[in-house]
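Same chain, two partners: chain A is paired with chain B first, then with chain C.
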Partner chain A sequence: MAAATPGSDEGDLALAGVVRRFGAVTALAGIDLAVRKGELLTILGPSGSGKTTLLKVVAGFEMPDEGEVLLGERRITAAPPSKRDIGMVFQNYALFPHMTIAENIAFPLQMRKVPKAEIRRRVEDVLALVDLPGLGGRLPRQLSGGQQQRAALARAIVFGPRLLLLDEPFGALDRKLREQMQLEVRRLQRKLGLTALFVTHDQEEALILSDRIAVMEQGRIVQLGSPEEIYRRPATRFVAGFIGESNLFRARVAGNGYALLENGVGVPLPPGAPPEGSEVGLMLRPERPKPISAGERLDSVFSGEVVETVYLGETVKYRIRLNPGLEIIVRWPFREAGESLRVGDRTTLGWNRDDLHLVGWS
Partner chain B sequence: MELTAARRRAAGVPAWRFGLYAFCALVFLFLMAPLVVVFPISFSSSPYLQFPPPGWSLQWYVAYVEDTAWIDATIRSLKVAAATTVLSTVLGTLLAFGIVRGRYPGKEALNQFALLPLIVPVIVYSIAVYGLFAQARLIGNWHAIVLGHTVHAIPFVLIVVGAALRTYDENYELAAMSLGASRLGAIWRITLPQIRPALVSAMFLAFISSFDELVVAMFLGGSNMTLPKKMFDNIVNAIDPTIAAVSVLQIVLVTVVLIVVSKIGAGAGPSR
Partner chain C sequence: MTAAVADRPAATATGTAIWWRNNRATALLLLAAAPALLFLLAFYLLPMMLLLAQSFEGGSLKAYEKALTDGLYVRVLIDTMLIAAYVSVICLALGYPVAYFLASTRPPWPTIGIIFVLLPFWTSILVRTYGWMILLGRNGIINRFLLDIGLLSDPLPLLNNLNGVLIGMVHVLLPYMVFPIYAVMRRVDPALIAAAEGLGAPGWQIFRRVYFPLTLPGVLAGVTLVYILSIGFFITPALLGGGKVIMIAVLIETQVRQFLNWGFAAALSAVLLAATLLVYVGLRRLFRSDLQWS
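== the complex of A and B ==
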């Protein structure tokens, strides 16, 4: 594929101040983003967050009202989609139903006036690469969902694009196939050193696949970081709620390292808390609290009553009503739950201050 | 449950089902009876429209073929219908794209306006166009009939192609563009092949609407008669079974076109 561009350190694909409005609605409210060469960056957000518009702006299906889009050294803000050198895998694959798989894959090469013999060779190579050898003569509807997905991927990479766009490409597959395809796409993307921009609303998928994740909310990128950063240290209340499961308690910083929950109970805070009087959200991942046996010392200790249990295989999820009138969700390995709690059982649990992560409340 | 349903079925069938069958049969009869009469008459040996025919002969077909006025009218009608088909399909398809895909105010009004020729009585339309074309000295010219028929055929194309475009997933076109095709190239190579059945149907409707049309052709044709006009004159002036022979030929032609259309139209469809 394309050789590394010198000096492309700050980004193979770069968006600077991109704004897109539809009437009174601002779909993109100033997007700055740099995708590094060979990286898979995921745009993650709920529907209506602007992620699809962002993808369309990059692909050239929408023109930004303000801002610039750069691919390598090239300004492509106003370039038509056909001149952008971007391969895209669509949500429903958009394989042309009146053409065979081979014709589909040959399409971008024909558009680039590649000689016939070379087209044939490259189509065969890419079919082998995506593990569809010998299926070139089939029509799209004669393939299974997973095979169509591979064919769509083959068509998007056969012409050696600078950038690969993936628009929720796994949504139509069942769970098992989806996981398999996710790993396969990741393997191919790494192998070919493709820079890829992946759009999804599925946070689990984003955590599995991405080098970095950009979380979008209301037309803005609210956090950009590695999956681990995003999961462990969400920047805002929205991110904390959107990525993974979490307990989020509203609290007010009370000084001397404590915060008061809404019901007046004091909780020790991790270091670096905001000034006294600030409203904060205390995020606690369900796997952090521990069941407590007598004599153990933790920063915060509560006892409560189990109100719901959900078996998840290796772990069990409990909803526990704590004494001071707040509920918490915990997820414990099946064994550690001991004689496995039942609804109505009483239990004592606790966490250390470092298990908490603080986000702004407003 | 099973039993009562069965009983109800047994009791209900004769009453209203029979009535429905009878009604359908009558409708069918009224529609098809003229054809049943026309075919034998066209092979009649009698110089009058007599049924049943007293004897058999091909003389009316011979009369049709040997009369240059009939042949001229037929050729002119085919020419007009072909030109109308091409013109209305191209313009109607462009219009359909504009109305389905466009983002601009007044789109719905434009859609209604384009469908007006279906609503305005043909006679009103014909008189209006006659006045307009007379100023332009177009009367008597077969091109004038083509223009008149094209305006009339565009709504058919707009409805059929518009419906196809509305259900068409535009992502195919976007995909083609991202793969290196221009917008026009994507429409030509990806969109149009996928809506081919609709295009073929639209062309057929446009062709028939022109080939059958009398009133507009009457006003605009002058001495250049189309086949329907010639048939009309034949009925008014000197009625003889030639008209039956021509009708049979017309029916056969339309049937053939219809068969061809269903052959071409089948197969290519949007993704299933």
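== the complex of A and C ==
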């Protein structure tokens, strides 16, 4: 239980040993997590990983079977949602359809018995803050998706909550709007110094938004770290596969700094490899391998044939079948049309041992 | 020019084809509904028109003058609307919680509940009304029981008065209140309730500010239905009112059966129809802005 010390000044929101079971299914298998003050922490996981249950436990819609939830100094494990002082943005915004935007935003203030004049002032202020000035009189259905999203955010922050919860709030928006809203939420959260817990299954979104990411798998947090750490040094094979694109080769550590791939080819390993005989996964991000030009020396060099190209704008993704019967995906900057590779072209590529990252295979 | 003229018939043919493609569904649906439409036309609209014509017997408005100025008839019309209002309010008070129960419990309770709400529907209204007479009379089962256990010294006046009429009518009309409300309740998004809770609303505020307003369309539908059905009620007030509670339908029947005064009965019917329509339009106006928000 070292991860979340009750009442520690580091954890603004702290979960200690939280377990939640549904019949035979264990949705949360002992969660220890401390969200720092002013931090945006993302819970990232595929569906069924327990992230939604975790969010519900924090919001108060689910009670944990074991463990404690602390918000600052306060134990809120058994507190009803209405007494938690948490602002939440729901997946489909959950704006009250029969109230105007201003009435929606005023709702949490009215529940806290804020004087009328102050409510009016604060609603105006927050509408300006989320860039919806003058739209207070509209009904939710009269707003666009992005505007509804802003209104939902305004309603969640207007009462100055201790914690902001975001439950996959960008899922319903088209790609361009989504990116814009992500950056805007990030800007607002920083500006207001809000502690925020964000739940998503979208790893790209998590990398853009988060101070730290907690990756969940089967009811556990399998890795907690900055987006860069998670991307560069995934702790497990699952994280390596889930975050970003990667090539993952199964290999056996062979001694003197080498590992043997499944087809028997030796590959130099980065320092700090596990003992000889261990099964490992060699993770290689697609942007790491380089095309070889004459006279260059790299630790591992392969030649192969391009079997698929995907044009991605700034970069091109190639699937290349390497000579020893391996397939690898690489992503290289788009070069002038004449120079880029086509299906059937042969090419030579290579990487240095430091480009590899080792994860346990099992 | 010649080319344009030559094109014309072809263009029209295409136009017809396009019209047919766009409206085929409507046309077919109309065809499917035709038997029912014809039935209503022949056996409902036509007789109603004939009845209306009778109310202007000899081209005079005398019947209407009597219906709208004679103290007795005005009184009965007002009583009828009041009784309909009482029945609507009682049905709403009893029906809303029932609808909530049906909409919010876990299976199999909704199914069981719906069967119980529907049960009275499968019994003849006459049988049910006689049943109430046995239950509610001076020597009825309820009074006997209460007297026997010593809770009362004199029997309660439950029959042949307004009490009896209200009990009987509410019993018959309750399902018409429950089902529209139930249908709307089932469509209320649970996330909205969760949101209200998360934003700090205690239970009764969630109900007052969020849940109830969201179910208002169902309430409106139920109230309208019950009110309109109540206004024209005949058997129940006739039997349970014991001649002391006169509703307008009873009066119309008397005019026809006893006095054979078709013209006046027709005028009363027209007034009743007009009053019903007025109430209907009024209720819709009242809630118009809140009718739909899904």
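Methods note: the second predicted complex is superposed on the first by the 350 of 362 C-alpha atoms of A that agree within 3 Å, B and C clash if a C-alpha of one lies under 4 Å from a C-alpha of the other, contacts with A are read in each partner's own complex, and residues count from 1 in each chain.
Basically, a residue touches a chain if its C-beta (ideal position, glycine included) is under 8 Å from a C-beta of that chain, and two chains touch if they have at least 3 such contacts.
Quick caveat, the model's predicted, so the values are computed rather than measured.
J.: Once both complexes are superposed via chain A, do chain B and chain C end up clashing or fitting?
T.: In the superposition, chain B runs into chain C.
J.: Figure out whether A:Gly23 sits in contact with chain B (first) or chain C (second), or with both, or with neither.
T.: neither
J.: With both complexes overlaid on chain A, does A:Arg155 touch chain B (first), chain C (second), both or neither?
T.: both
J.: First (chain B), second (chain C), both or neither: which does A:Phe61 touch?
T.: Touch partners of A:Phe61: chain B and chain C.
J.: Looking at the overlay, does A:Gly264 come into contact with chain B only (first), chain C only (second), both, or neither?
T.: It touches nothing on chain B or chain C.
J.: After superposition on chain A, which segment of chain C among 20-28, 38-46 or 56-64 overlaps with chain B?
T.: Comparing the options 20-28, 38-46 or 56-64, the clashing one for chain C against chain B is 38-46.
J.: After overlaying the two complexes on chain A, where does the chain B footprint on chain A coincide with the chain C footprint?
T.: 59-61, 80-82, 84, 86-88, 90-92, 94, 96-98, 107-108, 111-112, 141, 155, 159
J.: Can you name the residues of chain C that touch chain A in the complex?
T.: Those residues of chain C that touch chain A are 189, 191-192, 194-202, 205, 209-210, 213-214, 216, 290, 293-294.
J.: Touching chain B in the complex: which residues of chain A?
T.: Within the complex, chain A touches chain B at residues 59-61, 80-82, 84, 86-88, 90-92, 94-98, 107-108, 111-112, 140-141, 155-156, 159, 165.
J.: Please name which positions on chain B make contact with chain A in the complex.
T.: Residues 169, 171-172, 174-183, 185, 190, 193-194, 268-272.
J.: Touching chain C in the complex: which residues of chain A?
T.: Residues in contact with chain C: 59-61, 80-88, 90-92, 94, 96-98, 107-108, 111-112, 139, 141, 155, 159.
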